[in-house]
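Both complexes shown next keep chain A, but they swap its partner, so chain B is in the first and chain C is in the second.
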Partner chain A sequence: MNTIPNLWVLSIIPMINILIFPTGLTLILVGMFYEWIDRKLVARLQNRIGPRWFQPFADIVKLFAKEQINPDKANALLFFGLPVLALSGALTAALYVPLMGLAPVHSFPGDLIVTIYLLSLLTMSIGLAGWNTRSRFSLVGATRALTQTFAYEAPFMLAMLGPALAAGSWQINEINTYASGHWMVLTQPICFLVALIGLMGKLELPPFDAPEAETEIVAGALTDYSGRGLAIFNIGKSVELVIGITLIASFYLGGLGGILPFLIKTIALLLVMSVFQSLLTRLRIDQTVGLWWRFGAILALAQILVMIVWKGYFQ
Partner chain B sequence: MATNVFDMCPASWKQVISEVRTWARLNSIWAVHFNSGSCNGCDIETLATLTPRYDVERFGIKLQGSPRHADVLLVTGPVTRQARERLVRTYEQMPEPKFVISIGSCSISGGVFEGCYNVGGSVDEVVPVDVYIPGCPPRPEAIINGIIQLLTHVKEGTRPVAKRPEQTAEVASSQQERVVA
Partner chain C sequence: MNTEQVLKQAENLLGTWNKETSHPDPTRLDAVVDTNDLHASVQAVHEAGWGYLTAITGSDLGLVDGRMEILYHFCSGPAVLTLRVRQSRDVQVVVPSIADVIPPASFFERELQEMLGIHVEGLNNSDRLFISDDWPEGVYPMRADFTLEQAAPVSVSHAAPLPEEGVVSGNTFVVPIGPQHPALKEPGHFEFTVDGEIVTAARMRLGYAHRGIEKAAEKRNWNQNLYLFERVCGICSHTHAMAYSMGVEKLAQVEVPLRAQAIRELVAGLERVHSHLLWLGVAAHEAGFDTLFMYSWRDRETVMNLLEQITGNRVNYSANVLGGVKCEIGPEQSRSVKEGLTYLEGRIRHYLDVVTTDVMFLNRTRGIGTISFDEAVRFGLLGPTARASGLVRDVRVEAPYGAYLRYPVSAVTETNGDLEARFVVRLKELLVSCFTMRTIVDNLPEGPLSVRVPRKIPVGETISRMEAPRGELFYYIRSSGGETPARIHVRTPSLCNWVSVLEKAVGRQLADVPMLIAGMDPCFSCNDRMVTVSRSGGSQTWSWEQLRQHGIEYYKR
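The block that comes next holds the complex of A and B.
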């Protein structure tokens, strides 16, 4: 008789948590909704009407219903496995962040590092997918995607380190609790900017869309993906968008205490990101790397040095 | 093809699934644009269709770079001998279900370029065409109308049986004669 509550607590609830709410299905739908908001805002900024609210959903369903072509010379296992790996990495990262203002499903000291590594799994998968396809466009796209990873990853990590230092913890949940009393966007504005622009680089949004520059290299690393693989990569990207802005909003914008603050803060961040997207033109890959190492990394480092000195002096 | 999950579903489920699928196909058309030797007139009109003035993204129509991502191939211009093989390859790279729209008089009949030493002929001699949009060049409204014709066929679940507008071909060749004379 004692086994039934155990079964319920140990397997059914985690299963629901992973598959339906808050990660899994709900997160995928929220991701599509955010993708629509992003596309709509960019369209309005370009004086267009923009897509309808169900557009990302229709795109995904259509892609799932299309033929999937496996190119010659591509390893089939890698070709079909990499999109799944990318999406599962993004969905796993969602377990540790305070999505929709709720407490994270799972939390342990040091989960910030794990989350950041899981978030870069998508870029790694895209790079491997481009290498595996053996098409010249996807090879160039993959090279650029991986080069860009080396550019933004360190500054993004430093920018995430700022709030962690202030809160004195590597645990996302604790930083979130600490942040609800401190608007770190005011005390660490440089790290906030670096984190926001780093997220845009992570998601390959303009001006960091050199890896998928459609005017030069067709569609970058995903040139030869069609149907299901492309759909899963797209879902992975929109899921990562939600997780990224959740992280930044909870660290810098005074924490996420509920569903309403979550919506307001993340959509405000999305607005800023879409303004950047329509304002700036695409950077060349060497310009991207130069920007990150010359300005992003050094400014974030300076900010962190100031923080450490401040903390040592006053405490 | 062996049995898959779709075949094992009951009939009512199958109907729901195919309805959702048709709905998605109607509302999300990704196009790839191929210039097979056009004078650029039709390309400019195609771009005008895609840019903010007519903004077809509100219907879910988006221009894609890669033929692997596309549902519709927009071909403009007569097929030159050099472009012929590339057109076939672009068409064959697209995943099923795929459709071809031929835009402009030249892509229908060769237009004013018919009989040129480097022109192979019309688009439908190379790839199967679903919708013809006549005009030299067709206005963006005409292109949107052509896409809607394609969508009505997709909705009915039939391959559109396109009628080649012979009249346009005649008009074009008479124009050509006038020009030559």
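The block that comes next holds the complex of A and C.
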């Protein structure tokens, strides 16, 4: 007798949660919306008019309608599989974060680590894709993308570690709950900055866009991608943008307790990011690595040490 | 030392090599030397530090005369020394290469090889630099007996094929930049061999925008050519037209009214502002600083509007006519010019502040591509690129012409020679230009705008040097007394500055290469002028008439 409600609760609702709301389709749309906000803000800061609200969506539709060209030398399976892998990595990561200020779809102790790994999948896929397509621009782009990963990944992880240490949990949901009482941007400003800039590095946004510096290597690792593959990679990036700023907002900006705080806090973060994007000159790859290891990692580490000492001393 | 003494000095240097001396005008010394003595005399001039080699002009004097002439032009301030070598055109013309003494001469010598089929002995580079790959072997477009039929395209590839996937060995591979590449707004082709991120070798190929202007000029009358030369370059169209018309006026011995001269300088100043602001944006974009790119191009609109208001055009202003100018500066124009300049001066000061203080931007410019003073001399650099290394190469200062005698400008130099210095030089130069333009507008002499220039220009030849935004622009004009010129040779500043990119890219990171290319403000269409075939669809050759007809039909719709 109980089978139907059970099916409903156990299968249909999670299915809807995963596929439609809040992750899945909704997330993709939100991602495009955030991409538009980012593009519009950067455009306004650069004294341009910027795209209309549906432009990212139109781009994706157009790309899906276009032919995808598979380079001769590329492994077809990898060529088609990597964009999908990147997007699914990002979408899976979305399950564990408090999107739209709602409780995560799924949560378990230690999901923070899983999320961070899943978020790296995008960069890894881009790097592999560049290597796989065998174009010279892609090769240079892929090398740069992977080099950059080594630069920001560790500091970014350290920056996520800070709030986790403060909250005493590895579970995103619990950190979020803890954060709603503590604005950690005030107690851990350095880690906050490192996290924010690390996210820009992850998304290859200026000034960390050396892996896709168009004036040197055309479109970097994705030079030979067209049509569907490129569209999926782009969606993956937009989704990762949303997840990344959701994470940072929930950890550092007093948690996310509902749709409105979510929108306000994430869009505020996006504004800060677009200011950085338009103010700063692209770094060379050696400068990126130098910046992260000389300043980012060390400062984040110092902050963590302070945290540990403070925690051990007072509690 | 005045010009006369400088020329006397040159004459002494040449000594007995000098077979026949003449002074076409007070600032020029024309010396005929033997082919065998050429290398020695060039070496003597060069080692004495007498000026710099500015251009090598090759010209075919025609079937009647039966000779070819190769002219080596040296400049020292206003003084120009021309070494003239003459050989019979019936046999293979051979001249010794002087690139071992003056390295940048190799570009000029390759032009001689490709355009006139002159064999340059000792120049071991037969790669094509200007002429397209499908141009038949042994056909030289600037020869007097060249006909279009000879130029039917062949399907031979002269370029060495790239290795598989560009991989040379192990980690070393070739990154091609251009002819179509987001870093280049104009077509040029570079091959940078990189080991990881470090550039280990650089090669370049020009000629993707050849239009055969020099050849075309020989078929058009003096007046039509003004509009032709204006189209050598879109950015410095006024300087080209001005260099051409001032040369022709010199040949025709016509005195241009003072008012016209002043307006010419004014438009040249506005053009410099427009060119440098455009460059600032492009260079910022290459560095990945798009905000500066957008802002500087927005402000460039101001100067474009001024140019449009004065001349009616935004790009090819067409302000010149032979014998003067055709646009008047009335009270309304002078008011808006002054208003525009005030705004622009403020913006330029701001950009100067940005490029010298923005830490992130300085990361990409300070200490990068540094060219020392000695290197600048050795590479034969010109214009702002040279001035950034402390080398004063500015025709407006060294050899003032036209209105620059009445409204002088001062040369802006920097000593660091890196990319930052090139930014600073160009921006400071704009402030100087703005100041001069204001003076011109305030003190515009009264008088007519132009005088009549005869349709036929007397026999003679002249050299017209002018400071374009990118450096010294050199025109050699020869008239045989008819309605059309006998030979016009153009040497644009970009050609002399290339060597700064090729030499400095090696050992740098790939990421710096676009900045290095942008640092000299290259102008590809300036470089490429010569081939005279209009093609459409494979091997079909269109005559000028057909092409013209096609154009008319096309625009009828």
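In this section, the second predicted complex is superposed on the first by the 315 of 315 C-alpha atoms of A that agree within 3 Å, B and C clash if a C-alpha of one lies under 4 Å from a C-alpha of the other, contacts with A are read in each partner's own complex, and residues count from 1 in each chain.
Heads up, the rule we're going with is that a residue touches a chain if its C-beta (ideal position, glycine included) is under 8 Å from a C-beta of that chain, and two chains touch if they have at least 3 such contacts.
All of these numbers come straight from a predicted model, not from anything done at the bench.
Participant: Tell me the contact category for A:Val218 with respect to chain B and chain C: first, second, both or neither.
Facilitator: both
Participant: After lining up the shared chain so the two structures overlap, which partner does A:Gln46 touch, if you call chain B first and chain C second: first, second, both or neither?
Facilitator: Both chain B and chain C are touched by A:Gln46.
Participant: In the superposed arrangement, which partner chain does A:Arg228 touch: chain B (first), chain C (second), both, or neither?
Facilitator: It touches nothing on chain B or chain C.
Participant: With both complexes overlaid on chain A, does A:Arg282 touch chain B (first), chain C (second), both or neither?
Facilitator: It touches chain C, and chain B stays clear.
Participant: Tell me which partner A:His182 touches in the superposition: chain B (first), chain C (second), both or neither.
Facilitator: A:His182 sits against neither chain B nor chain C.
Participant: Which chain A residues are contacted by chain C in one complex and by chain B in the other?
Facilitator: 46-48, 137, 214-215, 218
Participant: Okay, in this complex, where on chain C does chain A touch?
Facilitator: Its residues touching chain A are 165-166, 173-176, 181-183, 194, 196-197, 284-291, 294-295, 298, 358, 360-361, 363-364, 509-514.
Participant: Chain A touches which residues of chain B in the complex?
Facilitator: Contact set of chain B toward chain A: 20-21, 23-25, 27-28, 30, 52, 55, 57-58, 60, 64-66, 68-69, 71, 93, 95-97.
Participant: For the complex, which residues does chain A have touching chain C?
Facilitator: Chain A residues touching chain C: 45-48, 73, 134, 136-137, 139-140, 143-144, 206-207, 209-210, 213-218, 278-287.
Participant: Okay, in this complex, where on chain A does chain B touch?
Facilitator: 39, 43, 46-52, 54-55, 58-59, 61-62, 65-69, 137, 214-215, 218-219, 222-227, 230
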